[in-house]
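Should a chain be cited, it is by its letter among A, B, C and D, assigned in written order, with residues numbered from 1 in that chain.
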Amino acid sequence: MDDGKLGETRLGWVGTGRMGYSLASRLVEAGCDLAVYNRTRSKAEPLAELGATVVASLSELKDREIVFTMVAGSDDFKEVVLGPDGLLSAPDAAPRIIVDSTTVAPQASAQVRREAAERDVALLAAPVSGNPHVVAAGLLTFVVSGPQSAYPEVKPYLDLLGAGATYVGEGERARLAKICHNLLLGVVAQSLAEIVVLAEKGGIARADLLEFINGSVMGSMFTRYKTPAYVKLDYSPTFTPVLLRKDLDLGFELAREHEVPMPVAAAAREVIQAVIGRGFTEEDFARLLDLQAQASGLELVPEDAPVTDGLGELAEAVEAATGTRR
Amino acid sequence: MDDGKLGETRLGWVGTGRMGYSLASRLVEAGCDLAVYNRTRSKAEPLAELGATVVASLSELKDREIVFTMVAGSDDFKEVVLGPDGLLSAPDAAPRIIVDSTTVAPQASAQVRREAAERDVALLAAPVSGNPHVVAAGLLTFVVSGPQSAYPEVKPYLDLLGAGATYVGEGERARLAKICHNLLLGVVAQSLAEIVVLAEKGGIARADLLEFINGSVMGSMFTRYKTPAYVKLDYSPTFTPVLLRKDLDLGFELAREHEVPMPVAAAAREVIQAVIGRGFTEEDFARLLDLQAQASGLELVPEDAPVTDGLGELAEAVEAATGTRR
Amino acid sequence: MDDGKLGETRLGWVGTGRMGYSLASRLVEAGCDLAVYNRTRSKAEPLAELGATVVASLSELKDREIVFTMVAGSDDFKEVVLGPDGLLSAPDAAPRIIVDSTTVAPQASAQVRREAAERDVALLAAPVSGNPHVVAAGLLTFVVSGPQSAYPEVKPYLDLLGAGATYVGEGERARLAKICHNLLLGVVAQSLAEIVVLAEKGGIARADLLEFINGSVMGSMFTRYKTPAYVKLDYSPTFTPVLLRKDLDLGFELAREHEVPMPVAAAAREVIQAVIGRGFTEEDFARLLDLQAQASGLELVPEDAPVTDGLGELAEAVEAATGTRR
Amino acid sequence: MDDGKLGETRLGWVGTGRMGYSLASRLVEAGCDLAVYNRTRSKAEPLAELGATVVASLSELKDREIVFTMVAGSDDFKEVVLGPDGLLSAPDAAPRIIVDSTTVAPQASAQVRREAAERDVALLAAPVSGNPHVVAAGLLTFVVSGPQSAYPEVKPYLDLLGAGATYVGEGERARLAKICHNLLLGVVAQSLAEIVVLAEKGGIARADLLEFINGSVMGSMFTRYKTPAYVKLDYSPTFTPVLLRKDLDLGFELAREHEVPMPVAAAAREVIQAVIGRGFTEEDFARLLDLQAQASGLELVPEDAPVTDGLGELAEAVEAATGTRR
C-alpha cells in the first residue's frame, strides 16, 4: 500500500460478480479493511481467505465509512441502498460515502442520491471503462461524479482498484460520461468492421491490419482486446448488441434533451439495430464484423494468426514505467 | 545501436521536411551510414553536423543500398525515383531497395513499383501513422507492403525510426492499410466532437471528458494528441479537412471497387464535407468540434485546464518498459 | 351529394381550427346534417350560416351517430371524449362512432379506444395527409384504423371530406401509418434540400430544378407545395422542425420496438436536430434548405420566379377527370 | 397535332430501343416528318408502317433539321454524333439541332457539344424522367440544357413526346438535374423500404400502406409504379442497383466538386452498395425492400392484393383535364 493510512478506513463492498470480485480482491490484497456482502454468499467466501470479512446482511455494513457497490442493474442498486434491509435501513448508522459502479439509469441514480443525501450520505457515481480482463490487468478506469467533498477520500482507493479516476462534477455527470464512452465504442466497433472488411477484400489479413491499427495512433485498449474476436471470429458474448443498443438509446435520449445532433453515432446505431434485427441478440456485438462481411460479399474464415488482447503487454509496460503492480 | 551490423549498410534519405528531418536524424544518431538529399539543401545541412553526408544531387545516392523517400506527394515521388535526375537515372547503378513513406496515390506507387522492378529495385511502400510530435516521441509506426524478400533487411531500420512496423503483403496493400487508418481517424474525430459537445451541454468540461476517455479503453494516441486542440480550441492546422477528405474519397473509391458499404465512414465524410463547405479549408480538421457545437447551440470557449498531448508520458512509459530510448 | 342517404345520418363535429373548419364546411355544403362544437364558439358560428347546427356543449352531441374530432393534441382529445363533459359523459346516450383526426400519441388513442369500447362506441383513428391548402383543394386523404365494421359507414363521409381513405386494420395502425408518412416526409424534405443546393451550385435556379422534379416521376403534392418556400425562402411555419422531430422520435420508438433499422431516416433526423440545435425552432422545417446552403458555402437569395403550390392545377385536373368538385 | 406547322420541320430519330421506339412512334402518330435510324434496322421497321422513313445509315440524317438521339450510353452517343459515319460526318451538311436523351456522363456530353458547336450545330441535352410505362402513358418529362436559342424550336416536339419539359440553362445542366433526380429516387426508394417494413411489422399490409402513401401528399408516380414490385415482391429489373449506384456516384463526384455535403443521400448510397455487395446486381433496385426486411427479422411473402402502377389512371385524369391524349 502506498500510504499506510489507507488501511485505517473501514470499507465495505457489495456485489462480487466477476468484476466485483476481482476489484474487491485488489483492495484486500492492498491491505484494506474490507467487509464484503454478496447475495449468494458463497461467491464472496474466497475473499475471506485473503483477509476480508464476509458478512451475511447488508445492514452489517452500516458502520463502514465507505461502501462500494457493483450489482446487476438499477433495481438491484435501489434495493441495496434503499431497500428494507439496505445500507440505509438502520436508523442509527449508515456509511458516510457510497461509491456505485453499477450500470444504472441516471434517473435511478438520482433517486438514490436524493434519499441518501437526506441521511447525509454522499453518493458518488463511479462507472468504469473496461471488462474483467482489463480489471485483471489493473487497467480499469473510473469516471466519478457526486459531492466534490467526498471525492478526495475515495480517490486513493479507486487508484488501488485500477489505473485512475476522473472527477467530472456533481450529480449524474459520470453516468453521462459513461454513455458518451459507449457511444464512441459503438462507433469505433462499426468503423473497425468497415475497414477490416475493406482491407481483407484488398488482400490484407485481418490480423495484419489490426496489428498495424493497434500500434498506430488510432490503437486503443479497445481495438487491442477486440482483435482476437475479429481475427478468430469468436463471438462469445462480452457485451451483447442489445446492451450496446440500450446505451446508445440512452445516449440519443440525452442528445435530444440537450439538442445535440449525432450523425455518426446515428449511423452506427442503425447498423447495431440491424445486427439485432437479424437475430444476433445473444452473441457479442463483434457480430458487426459478420454483418459487414455479408454486406460486402465476403465469406469470413477464422485466421490462424497468433493474436493477444494486448492487455498483458500493456500491464507490464505500465508496471515497468511506474514501478508498481497494477 | 542494437546491432553493430546496422551501421554497415549504406543508407540514403530523400526529403528532409519536418517529419523527414526528424526521422533521418534518428538514423544518424543511431550510428547509421546515411547520405541525405533535399531539394532545398540548407534544410538538410544540420544533419551533416550529426554525422550524415549531405549530397547535392539524387544521382549521388545511386550506390546506396537502401534509400528512404519522404517527399511532398505523388508527383515529387515519381520525379525523385523516375525523373531524369532520379534515383534510377544512372544506367550503371541503383539502390537495391527504395522505402517510400510519402503520401501517394496507389496508382502512382504502382507505376514506380513496375519501373523499379524492371531495374531489379524493390519498392517497399511504408506509410506512417503519426505526426511530427509522434516522431519526436519515438512512437511512429509503419505499415509496409512490397517484395517480401526485401522486408527483413529494412525492418531493423524501421524499428530505429519508431515504434514498429507491420508487413501486410505485396504491392500497394500498405497504401490501402493507411487509407483504412485514416477512415477510422475521420470517424473517431467526428465521434469525439459529438460526445464532447454532448458532455459539455450536460455540464462536463471538455478537459474532464477527454481525460476520462484518454485513460479509458477507448483512449488512443490520437485522442490524446487531439485533446489540447479540443480543449483549447486551437485549430492551427496539423491536417486540414481538405487533406482528410482526400483520403476519405480515396477510401470510398476503393470501397466501391471492392464492393464494401461504409455507413459510418459515409456519415463522417459528409460532416467533414460540411466543414469544408463552410469555408474551414486551411485550419485543422478539429474544426469538426466547432461545427458540432454550432449545430447544438453551444458557444465554445477555450478551457483553462492544463492538458498535454500525452506523448511525452507515453514515450517515458515505453522507454521504461523496454529499456530503450524511442 | 352523391347519395341522398348520406344526409340522413346525424353527424357531429368537434374542433373548428383552420383545418377542422374547412373540413366541416365541406360536409355541410354537401347537405349533411351536422352539429358542430368548438371551445371558442365564435369560430364555429359561420358554419351555422351554411346550415350546420352550432351547439354550446359537447354533451349536446351525445345523440349524434357519428362524431368527427379534430382538436389540438392528445390531452384535448382525451378531454373531448372522456372528460366530465365529454362525448361519453351522458350515461344514457353516446355516438355510435367517433372518428378522430387529431395528431395524438398511439398510447392516448389506445386509452380512449378501450374506454369507448366499454360503452360500445367504436373509435376510428383517421389521421390525415395534407395541410389547410390541401383541404381547400379537396385533396386531403385519410388513413383509418379501428373496428372494421364501423368503417363502411364512415367511408362515404371521408370521401366527401377529401380525395380518399385507406383502411389499414384494427387498433392504432392508422397512427403508425401516419408516422411512416412523416418519416418519409422528413427524408424527402432533406433530400430536396440537398439536391436543390447541389443544382444551384451547378448553375440551375431552384425554381427550374423544382419545376422539373414536380413534373417528373418523383414529383408529389409535397414537392409541389413546398416549392414556393424553397424558391422564395419563405420560412413562415406550416410545420415546425420541433413537431417534425417529435414524429420522427415517435417513429424511432416504434422502429426500436419492432426491431427495424432506419438508416436513411436516421440521417434525416440528425439534420433536423441540427436545425433545432441552431435555434430554428419556430420557423418552418423548410429551414433545412438554409442549413444545407450554409454547409455548402452558398448564400441563398429569394428567386423572383412565378411559382405556385400546384394544388389548384391538381384540383382542376382531378375535377375534370372525375367530374366532381373536390 | 396541335399546330400544323409542326409537320413542316424535317426530324430525325436515332435509337429505337424500348423507350426510343415508343417515343418515336408518338411523333409519327402526331403527323411529324420523321426519318429513323437504328443499328439493328429491323427494330425500326414497324415505324415505317406508321409513316416514318427508315434509313440505313446515320449520314442519311444529315439534312434533317432536328435529330433526336436515345442510344445506349456515352460511347454510342459519341459514335453516333462524332464517329466516322456519324451525324456530323458529312462535310457539306448537318442537322441544325441535336437533342440527346441518352444517359451520358457530363464529360462525354460536353465533348460532343464542343465539336458540334464548331459545326454550328446546337446540342440540347434532354434527359428524361420515366420508364417505358411512363412513356406509354404519355407522362414522360424532359429536362433540357444547351443553347437557349434552340430550345423554343424543340419544345413543341418535347410536348408531343410526353408531359412537358423544363429548360434549366446552358451546357450540361440538364445532366446535373437528372442526377439530382436520381439522388432523390435512391433516397425515396430506401425510405419507402424502411417505412413499408416498419408498417408491416406493426401489422399493416404493404398494399395498404402504399395505397395510403400513393394517395397522400407524399405520393408520386414513382411511389405508384414501384407499388406492384413492393407488394408482389417482383424484382425483375427496371433499373438495377448497379445503374442506380452509378448515378449516385456521379452525384457524389459533383457534390464534391461543388462542395455540397449530402448526408441523406450518403446513407441511401451505402444501403444500395450493400444490396450490390450481397450479390443482387442483376435484379431491380427494389431488392432494397428485401434487404430491409432481412435486417428487421421479417420474412416477406408476396401479397395477393390487386395493385396497379397507377399510370393508366393518371393518364386518364390528365387526358380528361387537358382534353388531349398523352
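By definition in this document, a residue touches a chain if its C-beta (ideal position, glycine included) is under 8 Å from a C-beta of that chain, and two chains touch if they have at least 3 such contacts.
Just so we're clear, the structure is a prediction, and the values are computed from it rather than from any experiment.
Student: According to the touch definition, list the chains common to the neighbour sets of subunit A and subunit B.
Tutor: C, D
Student: Could you compare the number of C-beta pairs in contact for B-D with that for B-C and name the larger?
Tutor: B-D
Student: Measuring centre to centre, with centres taken as mean CA positions, what chain is farthest from subunit A?
Tutor: It is D.
Student: Quick one: subunit B and subunit C, Cα centre-to-centre, how many Å?
Tutor: Result: the chain centres lie 56 Å from each other.
Student: Averaged over CA atoms, how far is the centre of subunit C from the centre of subunit D? Could you give it in whole Å?
Tutor: 33
Student: If you average the Cα atoms of subunit B and of subunit D to get two centres, how far apart are those centres in Å?
Tutor: Inter-chain centre distance comes to 47 Å.
Student: In subunit C, which residues are in touch with two or more of the other chains?
Tutor: Correct list: 255, 259-263, 266-267, 270-271, 273-274, 277, 295-297.
Student: Going by the contact rule set out above, which residues of subunit D touch subunit B in the complex?
Tutor: The touching residues are 245, 249, 252, 255-256, 259-263, 266-267, 269-271, 273-274, 276-277.
Student: Quick one: which bits of subunit C touch subunit D in the complex? Just the residue numbers, please.
Tutor: Residues 129-131, 134, 139, 141, 143, 163-164, 166-171, 173, 176-177, 180-181, 183-185, 187-188, 190-192, 194-199, 201-205, 208-209, 211-213, 215-223, 225, 251, 254-255, 258-268, 270-271, 292, 295-297, 316-322.
Student: Using the touch rule from the top, collect the residues of subunit A that touch subunit D in their complex.
Tutor: By the definition above, subunit A touches subunit D via 263, 267, 273-274, 277-279, 294-297.
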